[in-house]
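This structure is in C-alpha cells; I'll ask about it shortly.
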Amino acid sequence: MRVGILTGGGDAPGLNAVIRAFVKTGISQHGMTIVGVRNAFDGLLWTPRGVEPLDMPSCQGLLPRGGTVLGTTNRGDPFAWGPEGATVDRSADVAAAVRELDLAGLVCVGGDGTQKIALRLMRERGVPVIGVPKTIDNDIDATDLTFGFQSAVDIATEALDRLHTTAESHDRVMVLEVMGRDAGHIALVAGIAGGADAILIPEIPYDPRIVADKVLRRREVGRPASVLIVAEGALPMGADGLAVPGHLRKAALKQGRGAGQIAVDVLQPLVDAEMRVTVLGHIQRGGSPVPFDRVLATRFGSAAAGLVAAGAWGEMVRLKGNVVGSVPIAEAIAVNRGVDVDGELVRVARAVGSTFGG
Amino acid sequence: MRVGILTGGGDAPGLNAVIRAFVKTGISQHGMTIVGVRNAFDGLLWTPRGVEPLDMPSCQGLLPRGGTVLGTTNRGDPFAWGPEGATVDRSADVAAAVRELDLAGLVCVGGDGTQKIALRLMRERGVPVIGVPKTIDNDIDATDLTFGFQSAVDIATEALDRLHTTAESHDRVMVLEVMGRDAGHIALVAGIAGGADAILIPEIPYDPRIVADKVLRRREVGRPASVLIVAEGALPMGADGLAVPGHLRKAALKQGRGAGQIAVDVLQPLVDAEMRVTVLGHIQRGGSPVPFDRVLATRFGSAAAGLVAAGAWGEMVRLKGNVVGSVPIAEAIAVNRGVDVDGELVRVARAVGSTFGG
Amino acid sequence: MRVGILTGGGDAPGLNAVIRAFVKTGISQHGMTIVGVRNAFDGLLWTPRGVEPLDMPSCQGLLPRGGTVLGTTNRGDPFAWGPEGATVDRSADVAAAVRELDLAGLVCVGGDGTQKIALRLMRERGVPVIGVPKTIDNDIDATDLTFGFQSAVDIATEALDRLHTTAESHDRVMVLEVMGRDAGHIALVAGIAGGADAILIPEIPYDPRIVADKVLRRREVGRPASVLIVAEGALPMGADGLAVPGHLRKAALKQGRGAGQIAVDVLQPLVDAEMRVTVLGHIQRGGSPVPFDRVLATRFGSAAAGLVAAGAWGEMVRLKGNVVGSVPIAEAIAVNRGVDVDGELVRVARAVGSTFGG
Amino acid sequence: MRVGILTGGGDAPGLNAVIRAFVKTGISQHGMTIVGVRNAFDGLLWTPRGVEPLDMPSCQGLLPRGGTVLGTTNRGDPFAWGPEGATVDRSADVAAAVRELDLAGLVCVGGDGTQKIALRLMRERGVPVIGVPKTIDNDIDATDLTFGFQSAVDIATEALDRLHTTAESHDRVMVLEVMGRDAGHIALVAGIAGGADAILIPEIPYDPRIVADKVLRRREVGRPASVLIVAEGALPMGADGLAVPGHLRKAALKQGRGAGQIAVDVLQPLVDAEMRVTVLGHIQRGGSPVPFDRVLATRFGSAAAGLVAAGAWGEMVRLKGNVVGSVPIAEAIAVNRGVDVDGELVRVARAVGSTFGG
C-alpha cells in the first residue's frame, strides 16, 4: 500500500514529528510505502512531481526539528489554483497525480483550510484522504488540543517572564502581542502561566477603562509596573460612552498597527505611564517543539497510520480527553472553538488577578 | 474564615504556583485569611508555631519560582514523629495547634504520604483537610495529571537531546537514568519526546538480549549510536535462562549503583560498545515550572480554595480529562497508577521504534 | 564607610548581579555600609529619601534575577530635572542629599548618560563617584565588553534559530530586527551565531540590490529561504542610482515602521518572495542574565567595591582583554565604539556567507 | 588545493561550527577543496578510506548542531593503533593516505592528545598539519578560551539554579559534580554564575572542616540550605589532623564514587544535614552550542582556513585577548593551564561568598 503525506497552511512546531511517526508506524506496523508530497498539494501539480520516498533513514533527526521538511504553503488550493483573479480548478490534476503515483490516499496535515480542500478532493474527485489537525491557535473544536499550541504558549510565557523584569525596573506597562486572530487561547493560557495583569482576547472586547483601572489600582498598592498580553485579534469595545471610538482603531490598523499598539493607543491616556509593546510574530511558530508537542504530534502521526491501515478515509485524527481517536473531517471543519468566556480557565485567570477588560 | 496551607514530601515545580493561586483565589473570591505552615505539618509543632500570614503581596514573584516557600520535608509524620526507633504520636498536638490558630482547616499539598496523614488527621483528630495531589512521577490514579511532571519530562527530554549528539559523535550507547521508582511515566513520555531507542520502566522487566538486539540492529543499518532512557526502578528480568542473574542486581544496588548503571552492567557484554550513564537526579525536581505546570498548579490551587469555601472537607483536587474537580482523599490514596503496558503510549512508542525489552 | 549605589538608564540583564557583588564585596572585604538609591539619582531628591540599606540578606536571590531591584529611569538628569521645557537644576540637592546621608560617594551603574551625569556631579558638585558601565549595545569604547550584551545576543540568536525553520518551511525571507540604534554589535554577533544570510548594521549603509542578490543566488542553488538580521539603526543607502530614495525611509519612519519593515519595503520588490518581519523589542533586555553576563557583572560589582575602598573616585570599571581594571570616567565617555567594518568579525561573517549589503 | 579536516578526542559543542566555518571560508575565500576525515585519524586507515567531500550544501544546518558530523574517537592514535597491549605504529599508513588522497595537509580539531599526534605526524611523517584547539575544560594555556567551555558552564549553571530551589525547600545541602579532572575552570566559572556556596576544584585541595564551617555559618543566619559545586578532580586534603584519611577516598573511587560522592562522604558527618549529589556527566558536552561558542568556533574555523592558505603548517589557532591568531603547536601542547588560585576570579568568588575549602 502506497500512501502520500503532505503538510499545508502555516508551519507549526511538531509537523516533522507527525511525519516521522506516520512513516515509522506506517512502515513498521502496516508495511506501507510512504511518499512525501512537497508544499501541500502543489507538489502533485509540478512536473516532474514534487514527491519523495520517505523511509526509515529519512526520519533521522526529524523529531525535534521545527518547521516541515515537506514544505508548506498558505495558498495552493487546487480548486482555485494560481494568482488571485486568475485562478483555475486543478483538482482533477491532483486526483490524476494521485492515481498516477499509485497512492491509496493522502494524509493531509493542516488547519481548517487544508482539511476543507482534503474533504472536497475526496467528495468531488474521489481522492481518499485522512486528516491530521494543525493549528497553533488550538481553535479546532473537534480536538481538545493540537500540537504546536503548547510550544507557542511556552515562547509567549518566556517573553512575559522577561517583560516582567523590565516593567518592574522601569515602572512601566509592558504589552505583549501574541498570535490569535479569532481565538485567544494562546493569550489566555500564556497569560495565566506568565501572570499577566490583563489578558485581552478577541472573545471579550475590552473596556479600556477597566484595564486602566487594574493598572492604576496596582500602582496604588505599590506596584507601578504591569504586564498585559494581547491576542492579535483583541480589540477595545467600540460602544458609545467610550472615549475610544472605532475610527482610532481603523486608523491604527491602516498604519500597520496591530492589537498591541492599539491597546497602547487607547490605554496610555488613561494610565499616564510609559507603555511599550512587543510583537512576538513568527518566532511563535518556529523552532523545536516542546516535549509536550512532540508527544502529541507523535501520537497523531501514529494514529493517522492506523486510520489509513483501517481504510477509515474521510476521518480526522483528534484528541478527546486523554484518548486519541478520530472524527469525520466533515464534522470537524464545521465548528471552530473560541475561548469559553465563562469557562474554568477564564474564571481561574480572574481569580488570580488577571482582568479581561470586560 | 482562616485556613492553613502546607506542602509535604519532595518538592516539585509548581508548588509555589499552587500556594499563590490558593491565596489569591481564597482572598479575592472567598474573603479568606490564609496562613502558611512551614515544613509540612512540622510548623504546627514548633514553639513558636512555624506559621506566617499569606496575603496578596506575599504572592509576588511566586508563580515562576521553583521549590516551595513554605518549606517541606519527607519525614515529619505527626503520628510517628521524631527519629526512627523513638517516634511519638503528636497528632493530637497538631490538632490542638489548628484549633489554637483558629484554622477552619488545612490545605495539604503533597503526595501519597501527605494525603494519608491528612486523612488520618481528619478521621482520628477531627482536623478538616483538603488535599492537592503532588507527585512528579504522575502515579496517582485519581488524577490524570499532576503539576511538576511535565517539567521533569522537559528536563529529561532536553538531556536526551544532548546525549543524542554525543552518542552519534562517538558511536556510543548513552544511558539516561530518570526518576520513577515505581512508575515509569517520566521515562515513557520523555522517551517518546526524545526519541529513545529503548525505554526501560519498572512495569516491564526487560530482557537485556532484546535491548541489545535493538542496539545491534541499529548498528547494522549504519547507526552505531543508541540512546536509552531508564527509570530508576527499572530492572532486568531475573528469570532463568538469562545470563544476568539477580545477585548481580543486588550487588550493584549495594555499591550505590542505580538502574542506569545496572543497565550498563547487563548490556555492555552483549553490545560490545562504549556505554556511558548519566543520572539526572535532583535537577528534575528543581527550577522554574514549565508553563504547562504553572497553569495546572494554578488551576489546582484555585480549585482548592473553592473546595474550602464549599466546606468540602476530605476532598482532593484532581484533573479528569480537561475538567478540574475533586475526589474523596480516601478514594484517591487507595490506588497508584503505573504505566499501562498495553496502553496507547506504549504502543505508539513501540511503533516509532522504541523497545521496552519485553 | 557608607557608600551609595544606583542604577540608571535602560535596564540590562546583570544589574542585580552587579549590586549583589558590590554589596557582598563591600561588606565582607572592606567593611562598608551600603545604601541603595532608588530610580537612578531620583531617590536622592525624594522626601523621604528613596534609599534603603543593602546588607547580606538583601542579596538573596539577586544573582540570576533580571532587571534592577533599585529601579531605574531613562530620564532624571538632576542637572535638568523635571518635565521637558520646565527643567530645573537640582544637582545641588543631590549633593546635599549625599552629605546628609553621610555617603562617602556614589557607585553609578549606567550607560553614557548616567556616566556623564556622575562626572558632572563630581566635577561641579564635589560628589565622589565610581562608574560601572552598562550598555546592552556594547558600544562603550573604554571597555571590551559590558554585561547584558551576551544575554541580548542569546535571545536574538534563539529567535534566528526559530525563524530559520519557518523560513525554510515556507520558502520565505524572514527579517529579524534587533537592538542597536547606533552600533550593530548585537546584530553582528547574533548574525554570526545564528547564521544570518544578511547582517544589516548602522555602520554599513546597505545597497538593497546586493542584499537581494544574495537572496536570489541562494534561491538559484535550491535554498529559497533566507534569514536577515537588521539592527534598529540600519538603513539602506540613499545614494543616487538607487531605486530606493530617502523619502521612502522617512515616510516609513513616520508611520512607526522600524528598520526591519524598511528593509522589507526596499527588498520585497527586488526578491519577489514573501517577507515577514519580527521586532524583538524589549524582550532583549529582560529576564535572567546568561551565565557569561552573571560572571562579568559580578566581576564589575566586586571591582567597584575595590575602587571605592582605594578611594579611586572618578574611575570607571572596565574590561580590557581578560583583565578587569579601571579608566577615568572622563576618558571613557569621550568615545563610543561602533562595529569595526574592516575588523575580524565582519571578515569572518563575510567569509561564512553573510552579506552586509555593502 | 585539497585539504582534510578531522575531529579528535571527546566531542564538544561547536565542533560542527568549526567544520562549517573552515569549509565555507576555505571554499569562498581561498578556492580550496575540502575533504572530511571520519573518526579522527581512523578514517585514513579504513578501506575504503573514511573520507567525504565537504562542500557548501554539506554545511547546511551545521552551525547550531551539537557533536561532530565527522565522528570522533578518544582512541585511535596512529602511532599506537589497535587494542591495548597489541598496538602497532600505523603513522606511515596515515601519511601514505594523505598523499594518496592528494591532501596538502590536515586540519586537526582536538585537544592535547590530538595536537600531539598531529605534531608527531608532521615531524616524523612529514604530514603538514594545522591545529584547532578543543577542550571543554578550557585548560590549554596557549589559548585564552576554547569553544564548548561556555556551553558546559551554561549547563552547569542551569543545574545550580535548579538545585538552589530544591535545597531551599528541603533545607538540604546539594552537591553538583561537573567536569574538570585536572582543571577546575568549569566549576569556578559556573560556581560564580550560579552562586555556589562552595567551589571545590583540583587546584585547591579542600579542608572539609572549612567547607562544613561555611554551611554551618549559613545555617546560623537562617539559611539552612547550601549548594556546592565540585569538579570531578577535586579532592579533600589528605593531611594529618583530618578525620578524613586517604583510604576513604580510595575506597570511594573503587566503588565508582566520584568527587561529588566523596565530598558528601567527608562533609555529611560534619554538617549533620541531608546531602544529595548530582553528577552532570555527558550532558555537559552534548547539544547545541551556546551563541558565544558558535561565534568562537566560527572564528577558529575561519582562521584555520587562513592558516592553511598561508601555508603556516605546524601552527595552532588560538585566542589571546580579543584577537584570534596562532601559535606553534609545539609550543601550545607544552603547557596546560589550571585555575590561577590567586587570580581575579578566585578572589571575586571568595569576595561574593564562595569558599574553596582552603
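Order of writing sets the chain letters: A, B, C and D. Residues in each chain are counted from 1.
Rule of thumb we're sticking to: a residue touches a chain if its C-beta (ideal position, glycine included) is under 8 Å from a C-beta of that chain, and two chains touch if they have at least 3 such contacts.
The model shown is predicted, which means the values in this text are computed figures rather than measured ones.
Asks: Centre-to-centre on C-alpha atoms, which chain is most distant from chain B?
Replies: C
Asks: Can you check how far apart chain A and chain B are, centre to centre, with Cα atoms defining each centre and the answer in Å?
Replies: Here the centre of chain B sits 31 Å away from the centre of chain A.
Asks: For chain B and chain C, what's the span in angstrom between their mean Cα positions?
Replies: 42
Asks: What whole-number Å value describes the gap between the mean CA coordinates of chain B and chain D?
Replies: Inter-chain centre distance comes to 34 Å.
Asks: Can you tell me which residues of chain C touch two or more of the remaining chains?
Replies: Counting only residues that touch two or more other chains, chain C contributes 161.
Asks: Looking at the whole structure, which two-chain pairs count as touching?
Replies: Touching chain pairs, listed by label, are A-B, A-C, B-D, C-D.
Asks: Which part of chain A faces chain B closely enough to touch in the complex?
Replies: 20-21, 24-25, 28-29, 56-57, 60, 63-64, 144, 150, 153-154, 157, 161, 189-190, 192-195, 221, 223, 290-292, 294-295, 298-299, 302, 305, 321-324, 344-345, 347-348, 351-353
Asks: Could you list, by residue number, the parts of chain D that touch chain B in their complex?
Replies: 7, 10-11, 15, 39, 65-68, 71-74, 155, 158-159, 161-166, 168-171, 174, 255-257, 261, 276-283, 285-287
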